Amino acid sequence: MSTIESKLAARGLTLPPPPQPLGSYTAVSRAGDLLFISGQLPLRDGKVAWTGQVGRDLSVAEGKQAAALAALNVLAQIRAYLGSFDRLDHIVRVEGHVTSAPGVFDQPAVLDGASDLFAEVLGDKAGHARAAYSQTQQPGNAAVILVVIAQIKD
Amino acid sequence: MSTIESKLAARGLTLPPPPQPLGSYTAVSRAGDLLFISGQLPLRDGKVAWTGQVGRDLSVAEGKQAAALAALNVLAQIRAYLGSFDRLDHIVRVEGHVTSAPGVFDQPAVLDGASDLFAEVLGDKAGHARAAYSQTQQPGNAAVILVVIAQIKD
Amino acid sequence: MSTIESKLAARGLTLPPPPQPLGSYTAVSRAGDLLFISGQLPLRDGKVAWTGQVGRDLSVAEGKQAAALAALNVLAQIRAYLGSFDRLDHIVRVEGHVTSAPGVFDQPAVLDGASDLFAEVLGDKAGHARAAYSQTQQPGNAAVILVVIAQIKD
């Protein structure tokens, strides 16, 4: 078990099976040293565990849990693609889409649920640029979707 | 005529002239082996052929046609930039933005109109990561916009 | 003072200090020759200078000013990361998110405020692909957010 998986276990987390694509595309596409990971939802046991709008159906604290769960699925995709985390150089960018009620402007706080998880378990491989978006609704009625680019090394 | 264009012809499709930018930017920007293609609308003969919201103004089936038409414009941009498809390695990522009525959550089904077209005509160059978004409205009132990254080879 | 900063000065502009991240991420993340810059808001003196929706709270002309201000913050991030603009190869892609009232479809015109600024001060380093989005609301109630990828050289 890698250090990363030990850190996940210490938080009571295990990597789920990587979610299958929802259509005719692939979960991860590589270009050179970059991995482009398809949008990841807050899936647990194959179901969207967090749905609806932050500020109406979920609190910011619950939104952070949704973001952390989506981040766990991102990690599952990376490990499934690479076989382990050894060749992960770092998370390059996280685009975080938060389904939000009108007047909710603190999407960055919600997305810290994902960024904090990356920081805790990936250490110096976690440092990413980020962009935060407010969405009125998202595929599968997901509360949060993460679109991530990672860099790998030989 | 390349295999790719033959496959398009077999579907009754021909590549349109690549759409010109709508402002002070370029249609395609290269960085190393990556091509970043500006957002492509479902344009036909210079006009947005599919407008409005899926679930209100368009059915999912019509949205798929809109996505396929935007994908055809993506292919037109790639061929215009490279001169042919010979140097296309693969489609790396498709970000698909679907203008959607409230309560519509099946943007992935709409975007399969684009992914399926890529798969049919590009074969093993088609495998891409994907992210699906629901938008309330988009530039030009377009029903679908695709933002694509492709990898090229020497 | 570089040519770029001279050109900014000729427009009465100076680069602000680069904004700090709004959460647990980094302002700029590098992967190979690519710089991924976190979403930049139209910040001035640490505050969002342009808020609300274009077409309701702002005119298109004001939206262009918001886009130009966000672009200035993008330039500030690049210079802070690289130390100067000498190693900037070009702006690869600009994703421009415009907070918009219902029925506003001319987000590209707003984003020309950013693209024009890049063209004027960066010259042949400015040529970028672009994608334009309409958002109902954004973090910090910002009127415009720019998400930029740049390429650097040795």
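Each chain carries a letter (A, B and C) given by its place in the written order, and its residues are counted from 1.
Assume a residue touches a chain if its C-beta (ideal position, glycine included) is under 8 Å from a C-beta of that chain, and two chains touch if they have at least 3 such contacts.
Note that the coordinates shown come from a computational prediction; the quantities given were computed from them, not determined experimentally.
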item	value
Self-contact between copies chain B and chain C, residue sets same or different by half	different
Chain A on chain B, rotation in degrees - Cα superposition, rounded to nearest 5	120
Between chain C and chain B, distance of the C-alpha-averaged centres to the nearest whole Å	25
Set of chain C residues in contact with two or more other chains	32, 95, 136
Contacting residues of chain B [partner chain A, same complex]	32-34, 89-95, 100, 102-109, 111-112, 115-116, 119, 127-134, 136, 149, 151
For the chain B and chain C complex, residues of the former touching the latter	21-29, 31-32, 36-39, 95, 97, 135-141, 145, 147
